[in-house]
Amino acid sequence: MTKMLLAQFTQPETMVAAARKSDQFGCRLADAFTPFPVEEMPELLGADSTSLRVYMFFGGLIFVVAAYATESLSAVFLYPINSGGRPLNSWPTFVLFPFAIGIFGAALIGFIVLMIKTGLPRLHHPLFSVELLERATQNHFILALEPPRGAALEARAKVWLREAGAVEVTEVEI
Amino acid sequence: MAQIFRPYADSVVRVVMIAILVLPFAIVGVAYGVMSSPYITGEHLTLEQPVPFSHEHHVGELGLDCRYCHSYVEKSAFAAVPPTHTCMTCHSQLFTNAELLAPVRKSFAERMPIKWTRVHRLPAYVYFDHSVHIANGVGCSTCHGHVDRMPLMQQTEPLTMAWCLSCHRNPAAHLRPPEEIYNMSWSPPDNQEQKGRNLIERYHIRVEHLSDCSVCHR
Amino acid sequence: MQPAARSYEAVNELVSRPLLKPEELNWKFWWIAFMASLAATALMLVCILWLFTKGVGLWGVNTTIVWGFAIANYVWWIGIGNAGTLISAMLLLMRQHWRASINRFAEAMTIFAAGIAGLFPILHLGRPLYFYWLAPYPNTMALWPQWRSALVWDFWAILSYILFSILFWYAGLIPDLACMRDRARTRGARFWFGVFALGWRGSAHHWQIYHVYHTTMACLGVPLVVTLHSVVGMDFAASLMPGWSETIYPPYFVVGAMYSGFTMVIALAAAVRWGFSLEALITVDHFEVMAKILLAASIIMSLSYMTEWFGAWYSGAHEERSLVAYEFEGHYRALYYAMLFCNCFLPQIFWFKAARRSIAVVVVVGLMINIGMWIERINIVWMTLSHGYAVSMWRIFHPTYWDYLLMFSSLGLFALLYLLLCRIAPIVSMHETRRLLSQGAQQ
Amino acid sequence: MTFAPDRRDALKLLAMGATAALGACGRPEEEIVPYVEMPEGVTPGVPMQFATALPLSGYARGVLVTSYEGRPTRIEGNPRHPASLGACDIFAQAELMSLYTPDRAKAVAHEGGISSWVGFETALLSQMEIEKARQGSKLTILTGRVTSPTLARQIQALLNAIPAAQWRRYEPVHDDAEISGASMAFGRPLLAMPRLDQASIIVTLDADPLGPGPYQLAYANALGKRRLARKDAAQFARLYAIESCLTLTGANSDERLSLPPHLIRAVIIDIANRLGANLTQETLPENAQRFATAVFEDLRANPAHGVVLIGRGQPAEAHALGHWINRALGAPVDYFPPVDPIASAHVDSLRGLVQDIDNGRVESLFIIGCNPAYAAPGELAVGEAIAKVPFSVYHGLDDDETAALCNWRLPLSHMLESWSDLRAVNGVASIVQPLIRPLYDTRTAHQLVALMGGTLSASPYQLVRETWQSRAPGGSDASWRQWLHDGIINGTANAPVTPPNPTLPNIGPLEAPRGLSLAFAPDPSIWDGSFANNAWLQECPKPTTKEVWGNSIHISPSDAAANHLVAGDFVTVTLGEHSLEAPVDLVQGQASGVLGVTLGYGRRRVGAIGEGLGFDAYRLMPIETSWAAQDVELSRAAAQSPILRTQRSFHLAPERKDVYPTFTLVNLLKGEIDIPESPALPSLLPGWEYESYKWAMSIDNTLCIGCNACLIACQSENNVPVVGPVEVSMGREMHWLRIDAYYDDKPTPLGFQPVPCMHCETAPCEPVCPVEASVHDSEGLNVQVYNRCIGTRFCQSNCPYKVRRFNFFGYATDEAYANLDAQSFNALFNPDVTVRSRGVMEKCTYCVQRISRTRRAAEKEKRRITEGEVVTACQSACPTRAITFGDLNSEDSKVRDLRNEPQHYEMLGHLDTRPRTTYLANVKNPNAALQGNKS
């Protein structure tokens, strides 16, 4: 169980400004909960997700290769049939199926990776017990901060957060 | 606000999501399993017949030649189930009072055919010709199994298109010399591949033609 | 964005109200529309059952014109099915952020239209129960699909597209479902929104990877949608019939799809705007922009038609020239002129700003274009098949009432799906609108 | 080969074929029903061929009937028979449909109620007692033309017993004018048979030797020999046609002139006068004058090789004059004494019957195998007369109009169920042997006549054998078997007689008719109406108009314009007191001032197929000049309905040489053949090699006369379903092989073109099929796998030739037209060809079942298929041998040789489809002197 401070803002700019300063008050920026993606946050959180595209690329590629292999294997080796005098391996006409299914494959793999990386689906999560968080999906911007150790420092951080524009600061145990 | 879901909901949702991914493949797999199972192909089923004719007795024990009853197998597409007359050539002398043979005698007396139940069945759009297989080195037991060991007739091969093709694509593995066609106990010799290739030459079989659609469907 | 929607909460309220506080809205027209579309869907079901009982002979198809309404309907619906992805993906990539308020229902439109479109080629089969032979699967016949056929490409392109569109739409929906979950007050709503929101919490970590996924999907969606309608074009172009075997077909079909799809978006936008009082979110500006797109598309379409005429003349082939003459003078000439009127002449009204800013004008002209695009598709099917190479087999298509019934009732199914969707999922993307709002505020 | 009675048990096997397996899961049980006793000579699954003969207007055409386990499935020509020479016309082939139709008369009926043969025998015996007592003075037998020596012998014997009885005969398509013309010229009735294979100049004057009829096959065969456009084409006849309606002969002619009948007569007189006849002559119109001059010059330039043929529409005097002209030309014509035992004119015979009845001289009337209540000039009111006869017996195949008027209706056995004998025009006799046990309780005419003579259980077999006993040396079975095997009886041909010099008839010009003329002709599809209930024939497109399921009044475009008519408009045609209402069809080759109608439609009572179609032209038929009427009135009626056709566009733009190029003989001889070259276009793709067999077909458009024999042959061989008039109106006919007729701006067609599947090597239909239902096999056949087809119809939409056919409904199965799904029609199916179900595409397979059968036979003998061993159904039926089929890889391949002819071309070859079916362009032999004279 860790203790968390949840600071609630009404505007993203205020939240971002507060997040930038958070380490000055000894808080470690843990997460933010926002109703839409706030551009600056990933950088502040030090998150990196470019690898998703790599997964999607290779996922799509696997589908492409599998699809093309199915085509050429079936048309050339498993049951070679003369269709209108065309070559058995009519590759120009064979590319469309792999292409289409490859894109779907990338999308599917991407979704799976998305689920894995985000840990979703997660219907039951300790945070759902925090009433405050409900507003993060609607209209409020919430910073999750690991407060500095020590009651005094923690209290100072809370005060600072209010000064930085947080309309509400809650303490939760997760 | 309380939690909407209990912790196990996570597992349920994950299982459902995985199932959505896996299910289509599972359905195809099961369908394939069913379609190639004896339930559909009819293998190893013993069907009820008006007379419990035993190939084991007639072929295995008495040593009757296939062609004695299936007399058109070399001439026609149909091997032909024999006319009642053929049964009566012997059974007017032997077992003349056997209860089992009553339908045969009745058929002969009333000149009404015996209605057998078909064991080896092909769809109407498959034009199978016994005579051309016999003439080209395909033995009876290759498709019909060890008939001489069957008290009641059974289908031993699936008779699916894929099964037909397995031989049509590689006849060398199954061809026999002409003198072995009716040999129920023939089994491929060790050098069957080589012998089969020689037999393809000998029978003038055009293998590339054997997987043409028009060979069986028209 | 109009003042009434200038706060996050206002957006949330506007969008969620129909689902969470239905009592605040007047549902009379929804019910009328629902009952009508339900009846039409029942009719479609009857048409399909009777079709399966009797066979495609119910339609007007004949030995020469073996394709008819079903193929035209298919191409038309798939065209409509393209617009959603075009709007979501292409406009997203082009940073046309105004799209935020219309892309969600356009995506839903995509799925429904593509689904209905996918139904037609199956209904059109002589033996529809065997449609799955187009898929490679292990079977006791040891047979495989014939991969050179444009229909197999179609099958996969549509399947990929529908699945892709569902993923794209659903992925976009997750944060909004979470919002609905958190706004909902009834147990049932919280449960179901909760299930489908997958536990979305709006975490910045999630948002980041989510955002990457969403933009990557948009990048993938563009080539997929272009492929899809190019493949539909190749159903015709990969033949050797006069008037079909033209390299222009794939791009011409893609533009045509965008053209007819946008008109459908316009109609739906107007309906949603009016029905759910979303005037603040879907503004006249949206209609003006879409009218401009229609104008541009109409010019491209006109150019495509002219390219066809030129191509026929320039090829010197008698059959091609004879076909163009047939288009203007043959049995279907009234249809051809109607098509030219709807697709080429009518949209020129959008040169006038007043016309672009009149929602009524944009909707009516849009619907006319949509009709014109259907006529274009039936013309493509009929003209070439009626007037092909074999002179002795020139024939005319006489549609039967089953043709018309199935065509019109499919609109009913589309409307039904749409009306139901309005009651179960937010019809405007809230999170994207919020973001749009915040960016507007920054500027 | 004897016809063992045991074989009749084979019918029981019908059930076996009918319950053939349908693929299904859950495996419902399926029965095998073997024989009790194996019939002699039968190998189950191996078809047998039997020779027999079938009549048309009484005359025999020899046929070979293919039979599977005792059910006939296919009729082909007997090469030994002089009236078929291996070919087979549509009527003979379609007899199978007439055999199996459930509409046949099946049981004895008396006054509308069911009776029995025993009941009839009782009634007949007492009636015959009465008749015998008065020497048969009130008994009349009415038959069609009887050429059966046995039947003639039996009737004669009966007449000997009751000498006062009358035997009358009436054949609707009669040759009264021809016979009396010959009597006029030679003093005795003779049948003239021109030897067309020896003629260089053939002039038909209202005559239609290539048209339907009992001698069509022989004439077409002979003409085909003289119209072979090959590299060495020295022997190419020129065919002139002067006619009022467009006939097949006219459509195939090199020079054609449309004239009304009275002007044709004037042309005959004109030609005779140029030969020195010195008859009164009127001035011909300018174009006719030029035409007659050209014809005469040609005839004069070819002494002993020119012949004129006069048609049945011309009066006896014109025929007599024709004989005179032919004698003056030294024309190659054989004269035969008529086979018909009755000498009097058909019309006189029938009129005599009506008069007899009206005068109360007929109390017992036996009508055998003819239908005069329908098929006779309406003015004679035959039906009303028959109804007056107190004891009338009708013995016929159908329950038809005449049957309805008779007290006793007796079902007649079909010729395929009967023992009998028949003679051809030249007298050659054939034994008719049964191919199947009678399907119903029917009897043959032999049995009825025997019954009238008091023999209760006559055996037709014995009767026929008795007739021919004297010809068999020592009455041996060997010669009997030989006759059955050959299909003809050796030495029965009449020797041609050398008639005396013909006398010049007294013939002068006719006054020009005041109104329109009306020309009658038998229908090209249903003949005199006796095939009206035959679905194959009803759906067989009429050669020049492609009309099906009905007839129409043919009118020239100029007359139509004058009356403001378009095709499909109804008109009322009035002749004297009679009138009829019918749709008109515009026919380019129709002479102005002449309306053309065909007989056989407007059947009031015949069965589910034929009733209520078209209009009955017999009602307007005049008694005296049966085939032409003058001064008819035409007025517009209110109704309008489209003419049902299988071809809608006939006009071929001059640019479309890639479809149907035409050349003149001069072009050919001078090497001026500008066939659009279609070399294989350059391709990046590797080609496919066909190393074993390489099947191909070549069709000679010059030889194709458009007779439809191939179309019906294909339908019969390949189980092609009939779709019915409604489906035809939807444009969904199923014929695998169609015959296109093309016109340019002139009234005579450019020619005919049979179009089966092209079996393209780079078939456009195949790569578009998503499920490999349309694929190539290793012998280059473009095969269609019905059981794999899912019915996308992409193949047909991408077929430039549009030769594929789709089962929009289950035409061959449970959604058949009218009664065509009747159980009895199951016997019609060729067991070697799949019956296609709904939703499946089908098309010409080059008769793959025949190739397969031959290949399997060859494989069993470890040899290659030899040249000419595989004969497709269309090829076998063709009277002119226009269709050649074979293996391009064979050493002596005929079809490959034809590909080297200069006028050889590939249809739409520029599409690079590389068709295996190719054509030889139509070559005509026009007269340079007539250039620009076409009207």
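Quick notes
Lettered A, B, C and D in written order, each chain numbered from 1.
As a working rule, a residue touches a chain if its C-beta (ideal position, glycine included) is under 8 Å from a C-beta of that chain, and two chains touch if they have at least 3 such contacts.
None of these values were measured; they are calculated from a predicted model.
Here the chain at the heart of the structure, going by C-alpha means, is D. Using the average of C-alpha coordinates as each chain's centre, D ends up farthest from subunit A. More contacting C-beta pairs link the chains of A-C than the other of the two pairs A-C and A-D.
Per-chain CA centroids place subunit A at a distance of 30 Å from subunit C.
Averaged C-alpha coordinates give centres for subunit A and subunit D that are 81 Å from one another. Centroids built from CA atoms put subunit B at 58 Å from subunit A.
Computed from the mean C-alpha positions, the centre of subunit C lies at a distance of 56 Å from the centre of subunit D.
Residues of subunit D in contact with at least two other chains: 764, 766-767, 769, 772, 775, 777-778, 788.
Residue positions 4-5, 9-10, 13, 165, 213 of subunit B each touch two or more of the other chains. In subunit C, the residues that reach two or more other chains under the touch definition are 142-146, 148, 152, 181, 194-195, 198-199, 238. Judged by the touch criterion defined above, the protein chains are all mutually in contact, each touching every other.
Taken in their complex, subunit C has these residues touching subunit D: 54-57, 60-67, 121, 124-128, 130-131, 133-134, 143-146, 148-152, 155, 235, 238-241, 318, 322, 385, 388-396, 398.
Contact residues of subunit B toward subunit C in the complex are 4-5, 9-10, 13, 28-29, 31-32, 35-36, 41, 158, 160-163, 165.
Contact residues on subunit B toward subunit A in their complex (touch as defined above): 1-10, 13-14, 17, 165, 211, 213.
Against subunit D, the residues of subunit B that register as touching in their complex are 40, 42, 47, 72, 75-78, 80-86, 107-108, 111-118, 121-125, 127, 129, 131-132, 135-136, 203-204, 206, 208-209, 212-215, 217-218. On the subunit A side of its complex with subunit B, the touching residues are 79, 81, 115, 121-124, 128-129, 131, 134.
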